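Mind looking over this structure? Questions follow.
Order as written gives the chain letters A, B, C and D; numbering starts at 1 within each chain.
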Amino acid sequence: MASLRVNVAGLVMENPTILGSGIIGETGESLLSAYKAGAGAVVTKSIGLEARKGYSNPTLVELPFGYLNAMGLPNPGIESFGEEVLLAVRGGATVIGSVFASEAEVFAQLSSKMEAFGVSAVELNLSCPHASGYGMELGVDPGVVREIVLAVKKSVTIPVFVKLTPNTHRIIEIAQAVQAAGGDSIVAINTVKAMAISIEAGRPILSNIFGGLSGPAVKPIGVRCVYEMYDVVDIPIIGAGGIETWQDALEYIMAGAVAVQIGSGIGRRGLNIFKEVNFGLERYLKSRGIESLGELVGTAHA
Amino acid sequence: MHKLAFLRIKETVVEGKGFKTLRFMFNRKVRPGQFVMVWIPGVDEIPMSLSYLGRIKGITIREVGESTKILGSLKVGDSMAIRGPFGRGFERLSGKTLLVCGGAGAAAVLPIAEEMDNRERVDIAIGARTKDELIFEERSKMYSDNVRTSTDDGSEGCEGTVVDLAKHMMKERKYDFLQACGPESMLSSLLKVGKEHGVSGQFSLERFMRCGVGICGSCVINGKRVCTDGPVFWGEELESMSDFGRSKRDESGQKIGL
Amino acid sequence: MASLRVNVAGLVMENPTILGSGIIGETGESLLSAYKAGAGAVVTKSIGLEARKGYSNPTLVELPFGYLNAMGLPNPGIESFGEEVLLAVRGGATVIGSVFASEAEVFAQLSSKMEAFGVSAVELNLSCPHASGYGMELGVDPGVVREIVLAVKKSVTIPVFVKLTPNTHRIIEIAQAVQAAGGDSIVAINTVKAMAISIEAGRPILSNIFGGLSGPAVKPIGVRCVYEMYDVVDIPIIGAGGIETWQDALEYIMAGAVAVQIGSGIGRRGLNIFKEVNFGLERYLKSRGIESLGELVGTAHA
Amino acid sequence: MHKLAFLRIKETVVEGKGFKTLRFMFNRKVRPGQFVMVWIPGVDEIPMSLSYLGRIKGITIREVGESTKILGSLKVGDSMAIRGPFGRGFERLSGKTLLVCGGAGAAAVLPIAEEMDNRERVDIAIGARTKDELIFEERSKMYSDNVRTSTDDGSEGCEGTVVDLAKHMMKERKYDFLQACGPESMLSSLLKVGKEHGVSGQFSLERFMRCGVGICGSCVINGKRVCTDGPVFWGEELESMSDFGRSKRDESGQKIGL
């Protein structure tokens, strides 16, 4: 029997597809809807200490090969978010709690709250490309990354996933810093810093000017990051960026990912994408007589 | 993928107090009840139903805040940026249908009447707070022989809510379906009244929207995305939604009363 | 009369479209063919000290939204290249000589040779994402960039353009380093480091594994880089990355570019692309009653 | 954009000593003279003309080095990765045409004969160093009544080069066009001989290729990209190219003798 079951640093999932952070993940019921649609696990929207409204619209630009977004980390704040996690967990979903902050201590505090709410792992957003003081501003400095991961590891017992940015030349050092600090898994990639200008309006479209590029356009960048990191760390890597088909997922897996996250594909293909990817992977395993997806991880490396 | 389209306004029509329609060419196929995101550069991007679906499409704006006021001040020849259409619109139903419009909701509903091929099959109830705010009454008469109005203050038509009016009409005549858009409290009452009369129907909701394409999650109601799973839902779907008629999410995702 | 003429740090071009480096730019006659096809100037292939064969094939992957390439800087070496430059210059082309090296001194040496051959400007490739010891390995360190630009400025009298990589979070510092060292113009962007794996073959497609992503997929990244740099430097910026239409060119110009380079568009649209972009820009200027393209530079900034 | 296609080999045919044809399904439209890039994972990616253009396409390989040897060893059921088709192929000419094939060049030329609707209009000259290396003689006879061969060593057909043979045939009969592929020195002589007989024609060149799509510049001959402007050129175009028949570029772009 071909098995899609994966174990990411102790987090066991029935299949390798995960709902990416910030994708319909602000409420418990929508997290649950993605889980029921076939995701092996779901990541919450990145949650901070206080409620945040995010940027004003436009916050999204549709492109032929992806999206550009600058939501501005809207979220209801960690306290209100507890009931959402509970709802999803009670409904049976495997939930990964994403958190963002500007300092290690707050990351630790948010993570321990998430653990208390019942998530199966936390994901540290060190990679949002468009929120000043947060995200990639932290995630491009190995020292800062180390400090944050260390602090969080001290405050929780569940696995700690660290989501990294491709917007740096130091990706290898950063990945090593995550591992050295005891991070349990790396998620790569978050969006690529980008923008769009409307020539008709003569101005940037996003209210925040800069945003993050996602979707098929970034797949070659995400695959490269996973491949590069696979050669230098031993902790499991979760791939993300432009995954829309089982072939895309397999490309990430061969690059070295044990599981994949799906974001933009939900808008471009619909929520059925989880089932379609899983179905395709399963059929592939069967047709090749491969027992477990795990056998394929990293096989593109010589 | 919905390319941002810049369109020149071909016509503007004042529909009532605080209501304005903008007409423009927009060559995409649209279902009644579908909406677009309208970009007001430097200000906001907001959802608007398409109120005209023919060759020359239209949106009908109720001026409530900064963006809608700016849109309302646009003139013929000005241009406007929209992307869409988004969402699941109203279905084309076969049966006798009562269209119920509350305030700006008429914008989403009237195109249904226009699409019907048989004026016998469609009755229309239009409600507003006061006479000046009643819109699309004349337009409705082009597609139906039974158009009624209601105003909260009784300044025109029946005095009372459009739900009262609809109830009255359902007593007079047997309908197969309701199709409605308006404030959610109105939709929620209407759904109940419909059930009492054994009439099921479709209702168009509004929620805070950002992406329009079903990824950001801003617009969810009980796990359904209003932008893609809706904005039009069947009454049966709404009945299972604990937030329907009660609560929504603010920009930060916090649950608040409607 | 609407004018497309631009002056980039003293280099005057009849129109703002430039053939990007590495695009049919290895021989004098093909440089000339791009010039005759309508380019305002042409950049040579990046030339080094010695002849280099480049990587073995596959060196290119076609994607729906661009190319991935790792040519490996094949070039005949600076000495043999003289006759190619001469041929193009004699034919009337405005030629910009691109050079690559691993140290400042060699950059200076190559640049001064290029000047002797008759180029109108040199372009320093500090941004190739896939040649170890060259390109972006240098171009992500402001100190190194400064040193190279200083050395080249001392060795030539023609304008010095510096081509930068988007594969770093330090883009603003790097741009400032170019300006501080006396660089005359910045070219942004070179390709984005990326890769593709064939799931059928179970291995990376490019022989070099990693390559550079170009074409429409990277336009939002290129526009962002130009926009970011425009706010921090005064020297002119030349935009590149995914330009295929006059609208794309205008987007870069509004972001802050005085001129644009076209690469992948030549494969995807044909050599006529220069004329088409220029024709579109000219028509746009006329229809708006704008006298010179220069008036539009940077207008997307508030 | 040419997606990398993985194709299963349906048939292999030994065409002659060191020549092998691989047949496979490939559902893209191809002109005679167009080529594909064949990926040999871990080794190289090399250009190959499509030698069969029907529903079941084919390439015909002359084994000269590592990649072609590996390709030549592929078996039915093995798979092969190609992208393309690339380039400007041979035109469909109306007139009496002499097809001239030198060695592996026959792969590019034979599909022209197949495309012709009239066997009276096409004569074929096939040349090789020796008898064992003559390919497509039988296949040629399916499309033409006048198929002749030459070998350098006289082991079959006329003794001499295929240009000698072509010259002879042009003396015998008036042709409107030549269409040819083979070593460049052969093409260059043929072009001259053709001119002497007042016959213009098309000739397919080979240059070192990387991208296939006209951007890398590896394949240029006097500013023309063989991958996109060619590989098939008219004699008139070639006459203005100083490198034709004389020099090419090596992998580093340095000019070297042919």
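Assume a residue touches a chain if its C-beta (ideal position, glycine included) is under 8 Å from a C-beta of that chain, and two chains touch if they have at least 3 such contacts.
All figures in this text were calculated on a predicted structure; none of them were measured in a lab.
> CA centre of chain B versus CA centre of chain D: separation in Å?
Distance between chain centres: 65 Å.
> Just the number, please: Cα centre separation of chain A and chain D in whole Å.
About 51 Å separates the centre of chain A from that of chain D.
> Based only on mean CA positions, could you tell me how far chain A sits from chain C in angstrom?
That pair's centroid distance is 33 Å.
> Two or more other chains in contact with one residue: find those residues in chain C.
Within chain C, residues 63-64, 203 contact more than one other chain.
> Please output the residue numbers of chain B that touch at least 2 other chains, ranges allowed.
Residue numbers touching two or more other chains: none in chain B.
> Which word fits how the chains touch one another: line, ring, star, complete or other?
Basically the chains just string along in a line.
> Which of the chains are touching one another, listed as pairs?
Contact pairs between chains: A-B, A-C, C-D.
> Please output the residues of chain A touching chain C within their complex, sorted ascending.
63-66, 68, 136, 140, 165, 167-170, 192-197, 199, 202-204, 209-210, 213, 216-218, 220-221, 223-224, 227-228, 247, 250-251, 254-255, 299-300, 302
> Touching chain D in the complex: which residues of chain C?
Interface residues on chain C, with respect to chain D: 22-27, 29-30, 32-33, 45, 51-54, 56-64, 67, 69, 71, 74-77, 80, 198, 200-201, 203, 205, 207, 263-264, 266-268, 270-271.
> Touching residues of chain D toward chain C in the complex: what are they?
Contacts found on chain D: 1-4, 6, 37, 39, 41-42, 44-46, 79, 81, 83, 210-218, 220, 222-225, 249-255.
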